[in-house]
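What follows is chain A paired twice: with chain B in the first complex and chain C in the second.
And then the complex of A and B:
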């Protein structure tokens, strides 16, 4: 490979890195809320399945190392880990497995965090700014390996609880999960 | 023929009740007569089991002796019943007259079974419909430790912080009083104790920055008569002129404020989710306070009064008489809420009124229940976190090298956060003078991190990972000589023993394992006499009673869960060792041996 080609490759690689960390600096204020049309279930009358319409914001957050790293920090700051541990679960269900009661898409998870869920998931609406909810949701997706490996956070400094997000095998979401005990 | 049988059975029962009253002779060479519960707190055997601890002295001893070490091998299932809820079943089935009361974990449905009819059919059920959201703020599975009976009513707590009274005959709700608030992380899981006309209840939520309290409710109206907080100013802790603790470190004004950084007592824990005993002669109630919050001890320099200790309070007014702190400035989540067995025994030749407390920090304490003086504190399991209890100051002597730190993993700390022994209560037999101790053999790695207080969410600040203790077995069931302060025999279990136990005048002791075995051991030798495999792991409290047919029965709820069994009950992911506050790391294989359940098993001889 010629020196020029090598240089070109390096420059290209550097640019790829830029995209990995690309972000908009003016995030939505707390008061505004993104609206995504998602369904909680795969079932809908008729052969075509539920009607959904998402803006693409989810992909933007999931593919972005900065957002995922922020999400990882916020996951602890907001005490998500108190109920879900490092994804294995506690009073709340496991988040690193493939079973999702309320949907495993980033849009579903944003809804879960915002609205709360009946059996003990608190509603964080008005407590966490919208863009941070997206960051946390992106990170939650990374815990089950559902984001690009090059964007996912690396291993913790802290006591090593499980494989790091960027080394976790992918567990595509399956609807199911623990049914509520009633 | 039939009436002859009944007559014989009642004769056996009568004899059994005498056995309970007369003190068995002391063993040769042992110091002093056999310790026995005060008669006022442990009345003669009547064949019922009306409260989880059996009596106010909390002996969990039954005077029934139809089932013996000889015939226990013939035990058979008499009937079963599904609680309809597949979560951890910690409750004690209780029996009043010819009715059994069974309480499910959340949603806390109370079932009344008619013991006078074949198969013990359902008489009625009562559903308090607790708030579903309460499940999120229950740290360690959605358990309940049982209902209790008094004066024609069944009393119990619901996960969402209500105390209910239900008419024992009709199943109609007599009253319902909301005392806890899930939005600040308060739940209720403990079994109330009724003494005279007061229902004593306490809160859970030590992992959520809840401020602990004990409340006395009027049994007839459900009105709160007094509230005694575990932290805060003296007037809210109900500390006044009659407060006379034994040790200097518990003396002083407003220690519930001054032994904390400014305002930290407001989220300081000291919840009251364990066991209460009552001495009618002294009119004192005894109960423990939970761990201080958060677990990260660097965030709360000071002794953190009045957490991880034991209070003696006047039943009528709630005023504190004395307090003793098992684990001052607790470093390890060592709730001080275990059972206390009230005994009268000889100590250095003098008769003393004592209480015996197997504590989470690994010591069995013998405490003078009049003064709060610690008479002895002996180790009953592997401990490397302390070197002993200084009997002059009463203080636990911590080992510096095992103190958890911020940003550094401190390894092989024994015992764990769940303690050498957690909530699951022991039993005392006045026939052997031994305490029967179900417990765990576990150690842990801990790293502290800074905890962020957000009301209604966990307030912990620790990454934890449990592991098996020395020897590799995770559970122990042992007999402990109360006078000598040492182990007599012990039997190991693969998994932590998370069930309670009961010991009988037939010298049989019952407990269950997390694999699902319900076992009967010889109370004097520890020999396994009988076992039965139930449908799920056992973490419940066995009880025994005389049925309307005059026969002795033994009851246990099977259904794994609780903190230790959360890995199964909550479908947790075993790849994360820190799941369930670190317990999952040592319970991964529980998923291979048992599944969720919720079934009552009742046994009797053929």
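And then the complex of A and C:
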């Protein structure tokens, strides 16, 4: 590769970073809730896996530092803290580990927040605007290191209860876990 | 008139016009602000006079005709001694001026932070990008929370406890007091007195993010009776709406995400992370001094907060058009 080509590649790489914090403040004012068909269990009848169909909107949120930082603020503001503590779990299951009862993809988490789950997770539909639900879901993924490190939040408004999200090792989602006994 | 003076005169006029008005450190409305204004003028006059004297001496030296300059090779002990005396006394004078000005600022600083028994205690918490305000009383039932507007009784010392919920902000109502930072995890106290009734504007004075420029605060100084009347009204929970439109507005408000962030005392809305709306209609401005309070502006804010303060921590929420009007009318009526 010639020096010029290398330089060009380097410049392009630098520009790729620009997307990281592109801020879109205003959600589409007319869009309705996107349709996310997710599977809550990895089981399916027959040889192929369960059929899912997602809008693909998740990437926009997971890879964007602004959305993740907003999600971090909203996680406290919307009192997810109250039941899940700082992610370590309380009356709700831990969110920083790799075990997911209802699936750990951003779409699964969005559906969990929208719909609620039977063993004590409230439905936040109509309580949190959909755009903000996506931001929170992105942040929840960052707590187990499942978002790009350069986009994950690096600071906290209060003392850090654990290493910042951008220093959290990656724990890819695994099906399992159980709600804490009541 | 020359081109230059044509330009200069209005410029001076504008600069001086800036010294009056509802947000000016030179338009002091209380002892603390007067102390600062006094210090400012002393420094300006003394240093201005010295600057002028130096400039005149320099001009005189430059303009002296070459003939009158002494021959540099000539040794004249008497004259050298005179020069040495002049230089030495000017050096001493410089030291004296510096010492005196230092002394004056130390004394001012002490006056500024003198502790007087306070009549009112206000806790101000900076948030991106508005001010949470809590009047604290020993009797907890007389404590209450509001936002972006403080009221103070004229002539009474007021203690303001400053704190932040996120980044560093700075509380600055120039007509009443100098700047003081609001820092998370630390309480800074200031005390101030307003000498005359009036409305004074303040502004966050520490860059705190996107909407720092739209983080204003209003200080309303009023007579003791007016203050008590205002405080009694603020302590009361919101009155239930009477007319059908406002009832509809309340019902819509309570079923929207609004209640996750905002409180309206007397209703189930109990959010604690956004301005308390119990008496929002009684405030003079919306969104930290950004828009004058009116039903139209309320509706404009609710339908598109990011059009008015891009990046603000209030989301765009989809509402039915008639719900929007009803909510605006409900909030406007929360006096």
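Heads up, the rule we're going with is that the second predicted complex is superposed on the first by the 154 of 182 C-alpha atoms of A that agree within 3 Å, B and C clash if a C-alpha of one lies under 4 Å from a C-alpha of the other, contacts with A are read in each partner's own complex, and residues count from 1 in each chain.
By our rule, a residue touches a chain if its C-beta (ideal position, glycine included) is under 8 Å from a C-beta of that chain, and two chains touch if they have at least 3 such contacts.
The structure presented is a predicted model; accordingly, all values stated were derived computationally and were not measured.
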item	value
Residues of chain A touched, compared between chain B and chain C (which is higher)	B
Partner chain(s) touched by A:65 [first = chain B, second = chain C, both, neither]	neither
Chain B versus chain C as contact partner of A:140, first or second or both or neither	neither
Which superposed partner A:119 touches (first chain B, second chain C, both, neither)	first
Touched partner set for A:152, first chain B, second chain C, both or neither	neither
First, second, both or neither for A:97, with chain B first and chain C second	first
Partner chain in contact with A:131 - chain B first, chain C second, else both or neither	second
Partner chain(s) touched by A:78 [first = chain B, second = chain C, both, neither]	both
First, second, both or neither for A:110, with chain B first and chain C second	neither
Interface residues of chain A shared between complexes with chain B and chain C	77-78, 157-158
Interface residues, chain A side, partner chain C - complex	23, 25-27, 29-30, 73, 77-78, 126-129, 131-132, 157-158
Contact footprint of chain A on chain B as seen in their complex	85-87, 105-107, 132-140, 142, 207, 407, 409, 445-447, 449, 452, 454, 456-460, 463-465, 566, 570-581, 584
Residues on chain C engaged by chain A in the complex (per definition of touch)	165-167, 184, 255-257, 259-261, 271, 273, 304, 306-307, 310-313, 315-318
For the chain A and chain B complex, residues of the former touching the latter	76-79, 81-83, 85-94, 96-97, 99, 116, 118-122, 157-159, 161-163, 177-178, 180-182
